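Chain IDs A, B, C, D, E, F, G and H follow the sequence of writing; residue 1 opens each chain.
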Amino acid sequence: MLTLKRTDVLTDACTHYCPGCGHGIAHRLVAEVIEELGIREKTIGIAPVGCAVLMYDYFNCDMTECAHGRPPAMATGIKRIQPDKIVFTYQGDGDLAAIGTAETIHAANRGENITVIFINNAIYGMTGGQMAPTTLTGMRSTTSQDGRGEHGEGPPLKVCELLSTLDGVCYLERTAVSTPKDVIATKRAIKKAFQNQIDGKGFSLVEVLSMCPTDWKLSTVQSVDFVNNEMKEAFPLGVYKDKG
Amino acid sequence: MLTLKRTDVLTDACTHYCPGCGHGIAHRLVAEVIEELGIREKTIGIAPVGCAVLMYDYFNCDMTECAHGRPPAMATGIKRIQPDKIVFTYQGDGDLAAIGTAETIHAANRGENITVIFINNAIYGMTGGQMAPTTLTGMRSTTSQDGRGEHGEGPPLKVCELLSTLDGVCYLERTAVSTPKDVIATKRAIKKAFQNQIDGKGFSLVEVLSMCPTDWKLSTVQSVDFVNNEMKEAFPLGVYKDKG
Amino acid sequence: MGKKILLKGNEVMCEAAVQAGCRFFAGYPITPQNEVPEYMSKRMPQVSGVFVQAESEIAAINMVFGASASGVRCMTSSSSPGISLKQEGISYIAGAELPCLIANVQRGGPGLGNIRASQADYFQAVKGGGHGDYRVIVLAPASLQEIYNLTMNAFDWADYYRNPVMMLSDGISGQMAEPVEILPYKPIVDLPAKDYILDGCKGRKPRVVKTLVLRPTDGLVTHNEHLQEKYKCIESELSLCEEYETADAEIVIAAYGITARIAKGAVRLARKKGLAAGLIRPITLWPFPSDAFADVAETARQILTVEMSHGQFIEDVKLAVNGTCPVEFLGKGGGWYPTEEIILEKIESMVAASVTTAKGEL
Amino acid sequence: MGKKILLKGNEVMCEAAVQAGCRFFAGYPITPQNEVPEYMSKRMPQVSGVFVQAESEIAAINMVFGASASGVRCMTSSSSPGISLKQEGISYIAGAELPCLIANVQRGGPGLGNIRASQADYFQAVKGGGHGDYRVIVLAPASLQEIYNLTMNAFDWADYYRNPVMMLSDGISGQMAEPVEILPYKPIVDLPAKDYILDGCKGRKPRVVKTLVLRPTDGLVTHNEHLQEKYKCIESELSLCEEYETADAEIVIAAYGITARIAKGAVRLARKKGLAAGLIRPITLWPFPSDAFADVAETARQILTVEMSHGQFIEDVKLAVNGTCPVEFLGKGGGWYPTEEIILEKIESMVAASVTTAKGEL
Amino acid sequence: MDRQETRIIIAGFGGQGIVLIGNVIARAAVIENKNVVGMVSYGAEMRGGTANATVVISDDEIFNPFVSHPDMVIILNQPSLDRFEPQIEKDGLILMNTSMIKRGPQRTDLKCIKVDATQIAQEVGNLRVANIVSVGAFIEHTNLLSMSSIEQAIEDLFSSKNPKLVEINLKALHSGAEQSHCLQPVGRT
Amino acid sequence: MDRQETRIIIAGFGGQGIVLIGNVIARAAVIENKNVVGMVSYGAEMRGGTANATVVISDDEIFNPFVSHPDMVIILNQPSLDRFEPQIEKDGLILMNTSMIKRGPQRTDLKCIKVDATQIAQEVGNLRVANIVSVGAFIEHTNLLSMSSIEQAIEDLFSSKNPKLVEINLKALHSGAEQSHCLQPVGRT
Amino acid sequence: MNKVHFDKHRCKGCGMCVLFCPQKILRMSADLNDQGFSYPEVSDPDRCTACGMCFRMCPDCAIQVDKEGVKTSDKKETTDVME
Amino acid sequence: MNKVHFDKHRCKGCGMCVLFCPQKILRMSADLNDQGFSYPEVSDPDRCTACGMCFRMCPDCAIQVDKEGVKTSDKKETTDVME
């Protein structure tokens, strides 16, 4: 009998995430991939500053938490010293695409052999719903109260598209966790991103479109719809780079 | 009689640049464009931290000098307060594409209505020849003594290609100052980048491939050859974006 | 007296800034100061001002650098880790002698720490977390009305002295709501013309705003001497301090900001118990009101420094007192909050100890 | 005694680091410390170490954060503006209690300033330019041989106390070349096992390296108390100081680093002139050798603080002396260099003044 | 300790409108020209957990804005009862939303207001006004503030948004006042 | 001031090999077991300007590594003469590359070594060794260091790179020593 | 026997499982758990196909699904990657 | 009359003008200027076409070229943009 159940790579702790938050799904997928690849005992994860900051309490492997936006730099330090270990970062859109822009781009361009899980929920979750670099045009947040784009905020930043121009990058895919099919695709992508690292192929990043019902001020159902209708349009899913 | 001579937008000061340095040519072009567009009295220039830091001594218009890598942020502050003024930054590859990566990308993505002159000389000039983000693969510098790429430095970062993915950007062109033809093309591009600002079109950037004989440890002639043969291959010239 | 309205400390600061003519704000979210960018994002467009959510704290301070060079009253805000990131920029702005307001709504450190209130960025604010010999005027309000008033003053002082001003707030002061009277802005000093502004050189010689001084070789030495003279002038003109029941106090509590507010309650309790306690509260942390402290040290038998950190403010107290009076300490970092009772207890134990000593001396 | 070789101060520091087993360096170019990344870029691959030219100072310090969590001896280096940018990271590393070496080859500030030597980052280094109550061990060598020796020790102390160490150098010390004996590394303390390292949880429970402490509510308070206890322990074990001719000195110069070296020359000159001068030179700036200063204050008539800044170090001198001895000041920032002659002159004027005073007192 | 001031904690689940309770009480205090300080728990502490707010009211100056040992608590769910009951000052007061809390207080020194707030809110016609129901009960059984100031505060808060909200909240307020009862401390009887 | 030490400034254009002069002298001092401190001007100051280096040599401890008032200067071009001549200590020494400098020193208290360094270098066969020609002249007319230590230093520096370089530099050294002359201070005669 | 099991205490009542159950056999409880959330109940256990959609979409790993008759490949007990 | 004029004192002797002169009529001086640089001399002024290539490539604005017979459009005295 095959049982779908909580993997041991997750600790028993209940997460602090809000009901319906996409972080929970993404956590499970990363944990299952680590389990399936049998790499728990050589994995070092880096939590971001963002809602996922406490993920060190949720993962049953060595973990660290790093200054806001700097996980790729910290990962570089760890991986360069321990090339035989598996190093991943898990970052939000504020972390990875605002304050951490330089660290993201340069780790990617150096082709650091790490895996980056990028949770794009189009908002600053942890700090209570401010505009993120990925907030959609017209979308309201506590710091874009007239809707993004009305006061020179520019359009949402597309990270996969941006990074795809870098020769150093190995693999980029954008997925979602807003339907079972997307969840399956996300897991496949995450697995590939870890496998690439095992195979020494270099920088892999999976961008996951994810729900933040709380700061979007939407119900679970509305949040899922928002990802499926609005976010997927602004951020088309797919593989943006695959060096194979 | 048409006289080709030093424009008054440049001060009388002799520059501190090394013999054969591309900064001098680029300075003249920017100054001539300012003169030709008749905007000297409403232009505010931002000098980088790099060999061009002293350009405030060379330009006959309001100038400021800013923390390393932050000219686009400072320009944002100035231009947002004085939208009727013409604001340009002049930055090296270390300034714009290493420490200033985040500021560059986000000012570009916000579509700030500014003009960026980006001098790519593939090296940290001012500090004495360390590897820049744009140093070519295999090229030796004081911090890539075995040639770039041997110790995980990654390939050179291509700024125009990178920024071309941003919806907020108006105009991107890569030119050079290593032949008279290139110089003419560069001036045309710079003029367009300023004209775009005058027309309120948003973020324009001209990347100028430029000689640094001193830190390349090459003669003038060799430097010119290096730009024409090696750099142009790694950084193809052309228009990377033009919203028109 | 105008109508009082209920606002959070963070919002009070913003509204005061708006009233004082602040028309540029750049910031990046961080708890517990998020009300600041949120309020400003709404308020700035209403007054034809500019709000920019920057990509980082570093970008924000450099946007402010640019806005200030453009002559507008401007401001940024953050909390501890974000303020650390601004240190280079603050050093630049101070070096370039530009006015601006920087708010630090302090939280628990070091590192990511937590989001409870703290006063552990005292050194950073007062001694200078950035490089070089520069000074930032540091204000430490103890009530929301004072946040309101000092924020308005801050812009005046910044312009008057051409110097950045830091509002050293904390998580409690920023998050608590209290009725505040929204007074209209009136400049408290004659403001000098801003003859350094970069606004295009029409009809005048081009100007330069810069911090690099290469020539002559001792040019930067001269510039530093000029800065130091200005700082001396600020020290002589601007040291602000409140004293409460110090005249006959044997034990004087030294505290600032929210801690001073609580300490005042402790003084009240102590007085009720017949203990001669008092409070000295610097309102400006830099310039530090050293003279007032020295005076107090002459009459007081002991000074008790209370701070929500592990002994930072106390160094300035000791420097001011210069050994003329013993200085005791009560404080912890990381989100420890003093109460009137804890402070009272400490006062009582100090009294007891001094009585014992007195006896022992007989 | 081994053979002496001629190296620049910056290179001496690098070679000592390599000898002490440093195997990770991340940095970003900045004058006057460029020899450091340049040397390391060459040397690290030779010893199977890692050199990374980071995209910024911020990235560099966070790479070091990661390398240290991996258990390797590691280091970063910069000069003043770049060190300001590292303040957030330093606060994190200190909060996480990880060892590393951070070198600041100080230059003139504030802002971009210039590239001459300076000592104006004293406050930043010693008081903490970052947020929160953390401490960094700060070393101030006065010769290249001392740079060599202290750099090796620095890694031991960092490991032993699980704390970042800062080498507070300056443009002169970094750029000057002097013959140095390249001694082999020997640990000076028994090094504890690194049981905090993240290297995959094989055969053990997973570990976490972090600075966020949310639970229990007072968890961060407890963590801070733990840090403070460690700092007290370091203070009691590690305060280092050199005294020169202080025994009978009436005027004692207090100075550190390159300034102390020059001051020593001034003491020699003064002694030749029959003036009872001496020198007290802290080798560790934090922990500050307060006891030694207090002792000196008991016998000296006056103390003269000399620093290449506008009065930072002097505050620690005053705090240590606590009013028991007058403390005079000689110093400027922005690239001003003291000479033996200038210091001697100041000593002479102090002597003259004190004679006058003595007369006046009659 | 003899204090002039009343220190209140309000606690419940995130969605129960805790902040609004604090806001209404604080505004009413301002209307009565009292000194008042309000604060809301903030940040990551909130996520998926309980929320709480504090209000301090006094005729005199308020020194400590931070409440660790409240005189009165308004508790809307079980976990908050567990957490805050031990912190209440001796002889303090506790208000419990009995719809969400099964057990009574364990301490015997507390005055206890009970109100079936969720139930009453349902009757009023909107589950979300359970918070204001509690306020009604709270004001009814304490001498802290007058009901009319609370009414005024509710009007100030809602009239600009939606007049209908004023109506339903006032209704909730009065239902809470009417349909609640106050038990004297067990220990004292 | 009575000092044990000799403080030297070497100055010229960027490409004239100023740093090497300092290096050779400092290394020779190390060979003679003297205390020595060397320093080179650095950074943006260099760009397009003059370069200079300093060396302090002493049998005793060296306290101040920074030279503002040299006892001796080696000057390879005109702008450097203009800049450094006023800074030389009283009764100091100046070495001038007369190929590049038209006027003599203006001060009358200085001992003056003259060497046509560029010219001699050309004769030796390589314009770039003009710097070592100057070193030869300098050592010949001062008592600072022995010629053999300088020779040793040159060997240490160049032998690993290219033995031919050793040869030509030694030749330059000796030509400089031979083809230079030293004038006593004008003021004294 | 139920093929789907809920860890009521872990559940945050988000309703994702209800939303994505293709059989529409899940509904939220009237009761609340200790955290104050209602949680899913199976209205018609027999119609459960053990498809795992609820498991996949649950952000809190509060669901277990037993797929009878499906063989467990050795190491891959939990998998979303359909091979 | 020479069409090309050099500001000897501004020149840094880089040789760019020499390199790019299509007429190959420029050479570096044996003499050095005050900065210590040799500077360009025109070997055969008559062959100068006033093409401006030297001007365009000079990093130090040390060159002036007079284009006789070419009309100066009012505001555009100096221009590299060939219209």
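We take it that a residue touches a chain if its C-beta (ideal position, glycine included) is under 8 Å from a C-beta of that chain, and two chains touch if they have at least 3 such contacts.
Since the structure is predicted, the reported quantities are computational estimates derived from the model, not experimental observations.
Shared contact partners of chain B and chain F, listed by label, are D, H. The interface holding more C-beta pairs in contact, when C-E is weighed against B-H, is B-H. Work out the mean CA point of chain F and of chain G, and you get 85 Å between them. Taking the mean of the C-alpha atoms as each chain's centre, chain E and chain G sit 38 Å apart. Remark: chain B and chain C have CA centroids separated by 40 Å (rounded to whole angstrom).
Per-chain CA centroids place chain E at a distance of 86 Å from chain F. Residue positions 31, 52, 55-56, 58, 81, 88, 92, 111-112, 210-212, 214 of chain D are each in touch with at least two other chains. For chain H, residues that reach two or more other chains under the stated contact definition are 12. Shown for chain A are the residues in touch with two or more other chains, namely 14-15, 17-19, 53-54, 65, 67, 80, 98-99, 101-102, 105-106, 126-128, 133, 152-153. By the touch criterion given at the top, residues 1, 23, 26-27, 30, 35-40, 42-45, 61-66, 68 of chain E touch chain C in their complex. Those residues of chain B whose C-beta lies close enough to touch chain C in the complex are 40-44, 46-47, 53-54, 56, 59-67, 70, 73-82, 85-86, 102-103, 105-106. By the touch criterion stated above, chain B contacts chain A in their complex at residues 80, 98-102, 105-106, 109-112, 133, 152-155, 157-158, 161-162, 164-168.
The touching residues of chain G, counted against chain A in their complex, run 9-10, 12-16, 19-20, 37, 52-53, 55-61, 63-72, 75-82.
The residues of chain D lying in touch with chain F in their complex are 4-6, 31-32, 115, 172, 175-179, 258, 261-262, 264-266, 268-269, 337, 339-341.
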